[in-house]
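In the two complexes below, chain A is the common chain; its partner is chain B in one and chain C in the other.
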Partner chain A sequence: MRVSCKQEDLHRGLSAVARAIPARSTLPITQHILFEASEGSVLLSATDAETIAITYRISADVTEPGAITMPSRLLADFVATLPHESIKLTLAERSRQVSLSCARNTASIGGLDPDDFPPIPPVDEAGRIEIEAHRLRKAITQTVFAAATEDSRPVLTGVHFAIADREIRLAAADGFRLSVHNLTLDQDGEERSVIVPARSLGELGRLLQEVEGAVTLTFNAAGTQVEFDLGHAKLVAQLLQGTFPNYDQLIPKETTTRTEVAVQELARETRIASIFARDGSGIVRLIGTPSSTGPGRLQINARAEEVGDNEGEIDAVIDGDEAKIAFNGRYLMDVLQIIDSDRAIIETSSPSSPGVLRPVGDDSFVHVVMPMFVQW
Partner chain B sequence: MVTAPDSRIAVLPPAIAAQIAAGEVIGRPANVAKELLENAIDARATRIEVLIENGGIDRIRVRDDGIGIPSDQITDAFERHATSKLRQAEDLASLTTLGFRGEALASIAAVSEVDITTRTQDDEAAVEAKVHDGQVRRVRAAAAAPGTTVDVRQLFVSFPARLRFLRTAKSETQAIAQVIIDSALAYPMVAFRFESDGRELLSAPGGGDLRDAVQAVHSREVAQELLTLSLDERLPHHPVSDLKVDVGEDDRDSPDHDSDITHSSELVPMIRIDGLIGPASLHRGNRRYMHLIVNGRPIKSPALLVAIEQGYRGLIAAGRHPVAILEITLPGEQVDINIHPAKTELRFRNERFVFAVVRRAVLAVLAASPTIPTPNADWLGLNELRQTTKPSASKSTSGRHILEAVQGASHPTPELNQNFDSETFALSLREGLPALRLLGQIGGTYLIGEAPDGFYLIDQHAAHERILYERIEAQRDATAANGYSQPLLEPVLIELSPAKATLASALSEDFVSVGWSFESIDGNAVILRAVPQTLHGDSIRRGRAFDAERTFRDQLDVVESDDRITGPDRVAASLACHAAVRAGDVLATSEQKALLAALENAKTPQNCPHGRPTVLHINAKALARAFGRT
Partner chain C sequence: MAKSSGTKPQPIIPPRRIAHFDLDTFFVSVERARNPALVGKPVLVGGNGDRGVVAAASYEARRFGCHSAQPMSHALRLCPDAVIVAPDKAEYSRISMHFHDVLRAYSPYVDSVGLDEAYVDLTSTSPNSDGALQKKPSKSAEIAEAIRTEVRQDLGIAVSVCIAGSRTTAKVGSDRAKPDGLIEVPLGKDAEFLAPVPIRDLPMVGPKLAESLRVAGVKTIGDLANIDRRWLVNSFGRIGEALHTRANGLDAVLIGSSHHSRKSISRERTFDTDVIAYQHLRNELARQTITIGTHLRTHQQRARTITLKLRWKNFETITRSRTVTRPICSTKALLHIGGSILDSVLHSQRGVATAEGINRADLIRPVRLIGITAGNLVSNELQLTLDDLHRNQLPSTDCLFKEELLDDVIDTLRSRFGQHVVKRGVEPT
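Up next is the complex of A and B:
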């Protein structure tokens, strides 16, 4: 094998696939990346052999095709520190020792037999959907944070994709909050309901940052895998099996108070209150007071036992009764950070009923968060 | 078949009646000692000597320097119900003397042979009498200093049945020692000396300082460590008629609730609590180090001991007991001592109030001086140094606990933490933990922090447990019925084993009080609706997943196996224990800092709710000594 590629390309590719490598594994080869050189390009692959696989293609000058695995961490760290020049990789016939050279640096890295690398299964075409990358990315951003990181109910560690007509609904819930995003499609999708692990979607969201154009989703016939084809990169995720909770019933149909606020202002006040709420386990209290003459106001306050308290106030357009509700500051911050509209509406009914947040002028997103029962 | 008993009823001869009655008062040698000690104290003695032989069975001699008995009354003194302490029935309500029944001498004389020598200040000479079978046999003049000496011999010699019931001489000696300990602590102004079979077991100097008495009874180390407690409080409102001192006719239950009505100050009945209590780091394996004195009388009150222990709640491990000597003073009509002839039990008119005041007083003192143990000097190899620099702390017999001396034990009672011998090395910090500069984590288990006075090792699990426990308690106090809780988006059905389901439903109120919300449904399942806010908030803050079902199951497991704490605190403590970081959890620096900061703010940072220490202090001075820098 004889390959020459740009340092920047290899670095970018290694960083992208390294995200699939498990932190701990009993299978040493999963700590390696697979390096396959064919005409005009190199395909980098990494997988945890269970839930996720990422492949990334970079352009390269391949004078002699070949394949080898190399320890991901060592290779990535080495490449990252090299200058922006071309890197030459050579592997002698029947050898496992890769020689690398770049500028006046040379290195030798021991690899493993590429045939031992866990196979990345091809995802056969049972259903195929195209979505614009930036829209998919927003849908992921607005849902994936609400998924549980671990739970007795594994389905909650995933994001539910419900495909019907010309729409995909993404939903995630961790037992205390629910995020739902509606994504309209240009073409009819085959009706389908799957749960994609939130971790895999998080990695996909990262990869999508550098993609313009469309992403193709392909599901396999067995309903066990999904492939996201980004063009130069692909991510294959194992689907979670199980039934996702019926979340429509969890979104309150009617609420008594609608409080419209500027997202940045509320985020700032929540951030300040959270500093004080740290000792009090994150309790942030919201008190909305309507006004008949001018704009109403929303008070945001928190107190730390025996340390101090904080009270902030912002303008709010309040439609309905006075509202009091306490949220975990972190939950509030999480949702405010992913709303990309200037203004948002908080819908509430009582201190013990769920709060609903929606961006103003964008009905693709809704978030439901449970308040806390606290002493007022 | 046994011969039919003579069925005629006959009035018993006085001597037999006296012997039967004596049994109520005098059951063992310690009772003799107690009655004689009380007489001596009532006689305003400043010095009392007790000498016993063979556990008091052969001989008990009590000598005092009190007022003595006038020579013409010596015969009367041995009559039943003869007393100088009570004149009329009304006096019973406001007794200030220890004795009043007038039974002591008569009862003792009924079961033993008594020699008495007594002289008043005014008499020229002493008078000596021999009492045999309850009769004063011989009275004659003798030479002696003012005061009274009662020498009791041949106790129960004519009562073989009772003699058989006595325990070994050693345990009878212990019982007598306990009586003397109680008296020495109740009357620190009186000098006591106690001698058993020629060996001095206790010598209290008198002089009025309770600490001196404690040193004589327990040890110098204990005495030095004790914290002073002093509290005055108004008794709760009573109907005005109650405020008269002679309230004999009014025995309505006093209302427990406080009232806004104020009384003119001279009429307001007060309760006063004085004494010494040990810091939380000083604890013992039994309750013998807790002493109660009510209106000058040593008494036993399991309820008040519980009140004291509640003050140490969460500071001392279960099964360990604090050291405390409390003297409670309240108007005579507030207590009834005349419940039992031995007069060791009493009844408070308003026990709940007294209980609450005692608990509050203990809490207040402890809160003002949290203590943090420092490791035993041996840990730093300082033991030898200490011995050379600090010559023998205490050499008197009082260096060892008197009861241990009695038992001839050569080792002190094993303590929970011998390595952390807080008796000698505890450090009292008025302000709790100082601000600590984090140095890092050791073995994924301990945090290490530095302050000007040395460094501190913190058990991360115990510390976090304490922090969470206080938060749970704070939220519980604030809401009374329901702890702060974080409801679930959707209720979760949790199937449980029959045992767990029963436990959950039995403790449901305690669970609710810390913030859980669930209902038991048919069969063995619960529907979980909300989780404790403290736990949820703490997990979220630390960026950890919060799994409601698993947490609930774990909590049930912990509660089921945690029998170290009982009552409503059990759920709170096990909740804190479950949620706290574990030993072995590697913590990010920011998390370590947060933990230290929270511990600094804790009310009682020094112990976890189960009583284990959270913090060890390595004194800068000890460190310097260990390195030979001083």
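Up next is the complex of A and C:
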């Protein structure tokens, strides 16, 4: 094998695929990256052999094709520190020792037989959907944070994709909050309901940052895998098996108070209050007072037990009764950070009923967050 | 919401003057203050029934080997001339409140550790121009002496005190200051003061720990202080770490710097005669959970851990705990968990004749004592879940869950019309 490529390209590719490598594994080769050189390009692959696989193609000058695996950490750290010049990789016939040289630096890295690398399953074409990358990315950003991180109920560690007609509905819930994003499609999608692990979607979101144009989703016939084809990169995720809770009934149909605020202002005040709330249970209290004359106001309060307290206030357009509700400050921050509209609406009914957040002028997103039960 | 008790970086604590005030033979002194005829006589405060236990013994009675927590019958064999006085809890708590009020008048940093003892931080109590602290003389010993005088005048009770650089030293020292004395350990001399004290006098060292330490050649607190901290940690874990700190007089925890709310609340009862009827145990458990539940709700607290304690006839004692993910305060939930621990204990101990029919069964092993503790207390705040919403079990507008709403009604009725105005079905008459 004899390859020459740009340091920047190899570095970007290695960083992208390395995210699939497990922190710990009983299978040592999963700590490696598969390096396959063919005409004009190198395909980098990594997988944890269970839930996720990422491949990434970079352009390269290949004078002699070949394949080898190399330990991911060593290779990635080495390449990351090299100057922005071309890197030459050579591998002698029947050898496993790769020679790398860049500028006046040379290295030799021992690899493993590429045939031992866990195969990345091809996803047969049972269903294909095309989505614009930036829209898929927004849908992921607005849901993935609400998925559970602990796996007492495994299905909740994923994001539910409900495909019907010309729409994909993404939903995630960790038991305390629910995030739903409606993604409209340009073509009809085959009706399907799957759960994609939030971790894989998080990695996909990162990969999507550099993608313009469309992404292709392909599901396999067995309903066990989904492949996201980004052009130069692919991500294959194992789907979570199980039934996602029916969440429609969790979105309140009617609420008594509708409070419209500037997202950035509320985020700023919540961030300040959270500093005071962090020693307690992270409780941030919202008190909305309507006004008949001008705009109403929303107070954002927090207390630090025996230390002090904090009170912030912002303008709010309040429609309905006075509202009092307490949230975990982190949950409130999480949702405010992913709303990309200038203004948002908070719908509430009572201190112990769920709060509903919606961006103004964008009905593709709705978020339900359970309040904290506190003494008022 | 769970917090890991990871090692936080410890704040740097400036040298402190911590005083431990301890009322001498508290119950006895209260009784003598209102009945001077008892002065000079051996007095035992406690119940006089078959199962009566000594709650307090006067110095005269202690000379005969009497001490608190001893069966009354045993104490009377040791000292047949002792005068027995039934305890008057209401009076003790009234006197205790007065005592604490006196302490708080001298320092804002008072950490009460019982009816009759408290730590007071005297570090920065010097005269102040703003008038708020004018009552305080400038030196800690003078303040302590002033407190002693005031308590003696107001209550007719002697209070012993030790002023030191750490809580442990102050506690150990106040025992040595008794009766009616004051000891001040000079700044930086804590370890020196503690060195000759027998290891058993160090708070937290019980008979078992003392025995383990004796095997390692540790007889005094000084011996303990000289032991490598790492060995202590390896052998005893977190307790080892605490032993090291305390033996060296280094536990200068800032008094009043953190919220010292109660960490647990418990009720237990030694039966007059050993119990063999299951329902009898359940009834007692119900009574205890009602008291604990009311306490939790009045103090706006919830418990994460419920512990059941059972003592069999032969004094063998077992405790079993259960921790819940969502902290509870309702009587129903407390009784449900307490009862299910009781059932599983009885089953595992084969204390019940049949696995079925537990309600009718008599126990094979008679029970001497039953008790329940609500521990791991947290404030009355809960993150509501989507499951609550799904099951339509959200708290009502006055912020109480359904089962807690009933408690609230009962609590209110009882506080207005007395304890007997309303009873639960589970409550024995």
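Assume the second predicted complex is superposed on the first by the 376 of 376 C-alpha atoms of A that agree within 3 Å, B and C clash if a C-alpha of one lies under 4 Å from a C-alpha of the other, contacts with A are read in each partner's own complex, and residues count from 1 in each chain.
One rule holds in what follows: a residue touches a chain if its C-beta (ideal position, glycine included) is under 8 Å from a C-beta of that chain, and two chains touch if they have at least 3 such contacts.
What you are looking at is a predicted structure, and each value in this text was computed from that prediction instead of being measured.
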Message = Based on the shared chain A superposition, would you classify chain B and chain C as clashing or fitting together?
response = clash
Ask   = A:376 contacts which: chain B (first), chain C (second), both, neither?
value = second
Request  = Considering only the touch criterion stated at the top, classify A:150 as touching first (chain B), second (chain C), both, or neither.
outcome  = first
Message = Looking at A:189 after the superposition, I want to know if it touches chain B, chain C, both of them or none. Which is it: first, second, both, neither?
response = neither
Message = Going by the contact rule set out at the top, does A:350 touch chain B (first), chain C (second), both, or neither?
response = second
Task = Have a look at where A:359 lands relative to chain B and chain C in the superposition and call it first, second, both or neither.
result = neither
Task = Of the two partners chain B and chain C, indicate the one touching more residues belonging to chain A.
result = B
Key: Partner chain(s) touched by A:158 [first = chain B, second = chain C, both, neither]   = neither
Task = Check the residue A:330 against both partner chains and state whether it touches chain B (first), chain C (second), both, or neither.
result = first
Message = On the A-aligned overlay, A:66 touches which partner chain: chain B = first, chain C = second, or both, or neither?
response = neither
Request  = Quick one: classify A:173 as touching chain B (first), chain C (second), both or neither.
outcome  = both
Query = After the overlay on chain A, which stretch of chain B ends up in the same space as chain C: 4-12, 112-120, 148-156 or 220-228?
reply = 220-228
Ask   = Is there a shared patch on chain A that both chain B and chain C touch, and which residues make it up?
value = 173, 175-178, 245, 250, 280-281, 283, 305-306, 328, 352, 354, 368, 370-375
Of all residues in chain C, those that touch chain A in their complex = 1, 258-259, 300, 379-390, 394-397, 399
Query = Across the complex, what residues on chain A touch chain C?
reply = 173, 175-178, 245, 249-250, 280-281, 283, 305-306, 328, 350-354, 368, 370-376
Ask   = Residues of chain B touching chain A in their complex?
value = 471, 474-475, 478-479, 482, 484-490, 492, 515, 530, 533-534, 536-538, 540-541, 544-550, 594, 598, 601
List of chain A residues in touch with chain B within their complex = 148-153, 173-178, 245, 250, 278-283, 305-307, 328, 330-331, 352, 354, 368, 370-375
